[in-house]
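This is the structure I want to talk about, given as structure tokens.
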């Protein structure tokens, strides 16, 4: 049988170094004192859990906290989301989520769109691992739902 | 395609001339006025119906009537049964039924047993047509049940 | 001929089988169809290459199996004109599909005094689940009668479907008479009265173009084994809004989202109705069956059968002692011909034809009340499919004549 | 080695498949097993030679199909030690088998205040049907807990099974922990209290000799797909007296004797519980699966797995950061090993192992309450069967080590 790490070369596509970095050192994990948005999401099948909190000044995100437990993909994705949110307003954040979804779906993105994605583009490799897409999108879907709900009320 | 009756040669095994004769000219079809045994049997799947009536003097069959509608096998078998019953007593009739069953199951019978079966041996070919065995046994099972029930009461 | 029948026949390995010394003439298609190589290959391919349990697996085989399984669902959805694959629930057969509706929807929605309306042409699987639902709920079962010539009495349908009606169920094609029923019109009557409409597509989905959205029905059922697919799998289509509102029926793995000992929450459609490991291989093979039919074109399948049935009806007219149970003219009619001989019992006829390699069905065809309404308890039935030919019809007619000569000599 | 594993492997075409550049190492047998050539051939043989609808057909194909279908039932009966083939009911899977009991027997016999007792090791399919029966009937669901080391707490079983208990249901082997439960002893407790006993044989029938008469259980369920058979078919065994007294659950063709619009009468066992066209091909292929296992000898299958599991448990001991969920010693234990890594999430581990061709399952294994009782929401699971080898165990252990090097570098 093979042995060694040799078999794992292809894994780099999934676990880009940015992803592993966010997994090992998740950003913005400090809970917020007075969150305006507070949402939990979980995938009962995998056991992935995400907790997102936002402080808003009008429509602008002024504080963010993301924590949880689960696999490297779900947790690093949530951490990347927390970085994206800094100083974004709600509308831009929602557009960003749409872009992430399109990337996961395998749509071809323009150079400009790739620029907008920044580090989040590291998640692109997930699309080759269909069962993991749910992990990657868990936090983004939760963010979207909470922002849309908030706008609705 | 074949055509002609050529394809039907093997049928003679099932429809022996005795069987076709009993089918076309069923015996003992006159209903009895004062039957001691009166039993109906039917197979809902095929729609075969049999009506058996017996007059008994003590244990001896003194009168028999068998009628019904259905396929050649069920009807000729019932007619053969009516002939067998003439002047038999109940115990002998039951033994005869057992012999018929054994023949249908494919047991090897002694020459003596074959002699006892007489014309009824014409039903032996049915055993090669497993789905038709039920048709052949319908009247015999009904007779058996009614005699056993009668003995039981 | 609309179909290249010789080319089609080459796809069906069983058609080269001999029965005794005769080539097989398979005319029992209403009971179950034969399977093309493509469907058998789909099974073999699955079991030799990517067999695994579906959903939630992280390994390659499981991912491949899940994709093929869900792709098959989408194929079936497309084949019957359903917009969403989520409205397609895999069952064992159409019998289970009807039971699912009778239990899950029926026990929730049908109350004492309500009425359930079915037609006089239903299969036992389309009678007994409703009859038993009526008994459980205190509702009444009403039957839309047939006409003398074996069509549905539409006037009676208008009278019988009322505000009391909660659901109407009808076969789209009778498995005994071959009659095609205008289930769209029946569905309109149902909806006008606030009732739901279930279409039994066991005999129609294999033989005619079906579009559930166009029919406007709320439920549609089919059995794969009657349409080139494997045994052991069928489909219930339901309008998503209706399915959403229904409670699950069977419980177990795959149909739940979360479980504690106290409680459980249900998975999304269609999984809510699929408890336990599904029939993965046969679902995938059903996808192959649907591919095969779609490639032929269901309009062509229908035309082929109209031609062949027309030819058969003409030839049956030669048999003076044979009475047909269904409509004698070839309009709105499928390739199913039930008949009785004035002297030869169907069983004897069936056995005799089998000796010549000709497979027909005899008996009550799981539709006792309908067959009895013709004052017989059993009938013979020949039913056609894409691989049947006029010369097979000839073999049948010749075979019946030979049997007459044998029995009536 | 008790089994000639290389010879066995040659019978399983899928085992020569590559995943990327790696040979497939299939260790997801508790989810579903792979299929030998003999089983696949049985399907192909059926569809290419004698496919037809069963029961009541007068033609040759139908007669042959019926004989093979019923012969398969008799094989399964023999395989699990049931005296009568009539006590074997074909279902889609064990999930349906348990639902059948919960609905047909349960709704007739379970009343408010009654108790239903299950174990802490049940699969969702062995929890939710009882939980919902309890909700429908007003009964209470009681759980026999596990011990610290992952065995069943037999003292608690004695306390929990009382005169209030109407039925006890237990897996014979846990699909998560591998624990073998003494279901005979549990059944004795049930019977002493006038309750019935259902054994979930999903994981035991494929891996150990089973004799339902010896176990003395009233019901026994299995899924063919976990024991070399096809997907889409399972079995409910029931003691004939118990089955006789149960009302039918699904209605339709084949399960009836006579039908009028007002009423219907039921066919004999086992047909009373088999509505509609059965899964003929897969039943016959299940017969072939059972033939294959019987030829190996279930004692030999069990010995092989004890050896292999022992070797695996030894090798797992090398992995310091890995915690096993089931018993660590190899007594009364099947070839199922669930484990969690202190840092690497099961999903990441599963994906990494898949890259090396190694198929394991990750998640809650359809047993959320049990997995949660170990304070995790997901675990990895490797499970063995007759074709697995020590060098595949080595591949797994090496793969886990390689994944550690990758993630913890």
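A, B, C and D are the chain letters, set down in written order, and residue numbers restart from 1 in every chain.
Everything that follows uses one rule, which is that a contact is a pair of C-beta atoms (placed from the backbone, for glycine too) under 8 Å apart; a residue touches a chain by one contact, two chains touch by 3 or more.
Please read all numbers here as calculations on a predicted model, not as lab measurements.
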Worksheet, complete the sentence: In contact with chain C as well as chain D, sorted by label, we have A, B
Practice prompt. With contacts defined as at the top, give the pair, A-D or A-C, that has more of them.
Written response: A-D
Worksheet item: Any idea how many Å lie between the Cα centroids of chain B and chain C?
Response: 38
Discussion item. Rounded to a whole Å, what is the gap between the Cα centroids of chain A and chain C?
Written reply: 47
Discussion item. Need the CA-centroid distance for the pair chain A / chain B, whole Å please.
Written reply: 81
Discussion item. Quick check on chain C: which residues sit in contact with 2+ other chains?
Written reply: 56-58, 62, 258, 347, 351, 362-363, 368
Worksheet, complete the sentence: Expected list for chain A, residues touching two or more other chains, is 44-46, 132
Worksheet item: Looking only at which chains touch which, which shape fits best: line, ring, star, complete or other?
Response: other
Practice prompt. Identify every two-chain combination in which the chains touch.
Written response: A-C, A-D, B-C, B-D, C-D
Worksheet item: What does chain C use to touch chain B in their complex?
Response: 20, 22-23, 25, 345-348, 351-352, 355-357, 362-364, 368, 376-378, 391-392, 394-395, 398-399, 402-403, 405-407
Worksheet item: Which of the residues in chain C end up touching chain D in this complex?
Response: 13-14, 17, 19, 24, 26, 28, 31-32, 34-35, 39-40, 43-44, 47-53, 56-62, 92-96, 98-99, 102, 123-125, 127-129, 131-132, 141, 143, 223, 225, 230-234, 250-254, 256, 258-264, 275-282, 347, 350-351, 353-354, 358-363, 366, 368-369
Worksheet item: Once bound in the complex, which stretches of chain A touch chain C?
Response: 44-46, 130-132
Worksheet entry | Residue numbers on chain D that touch chain B, as the complex places them | 56-58, 62-63, 66-67, 257-258
Item to complete: State the interface residues of chain A toward chain D in the complex, per the touch definition above.
Response: 1-5, 7-8, 10-11, 14-15, 20, 44-49, 70-73, 129, 132, 135
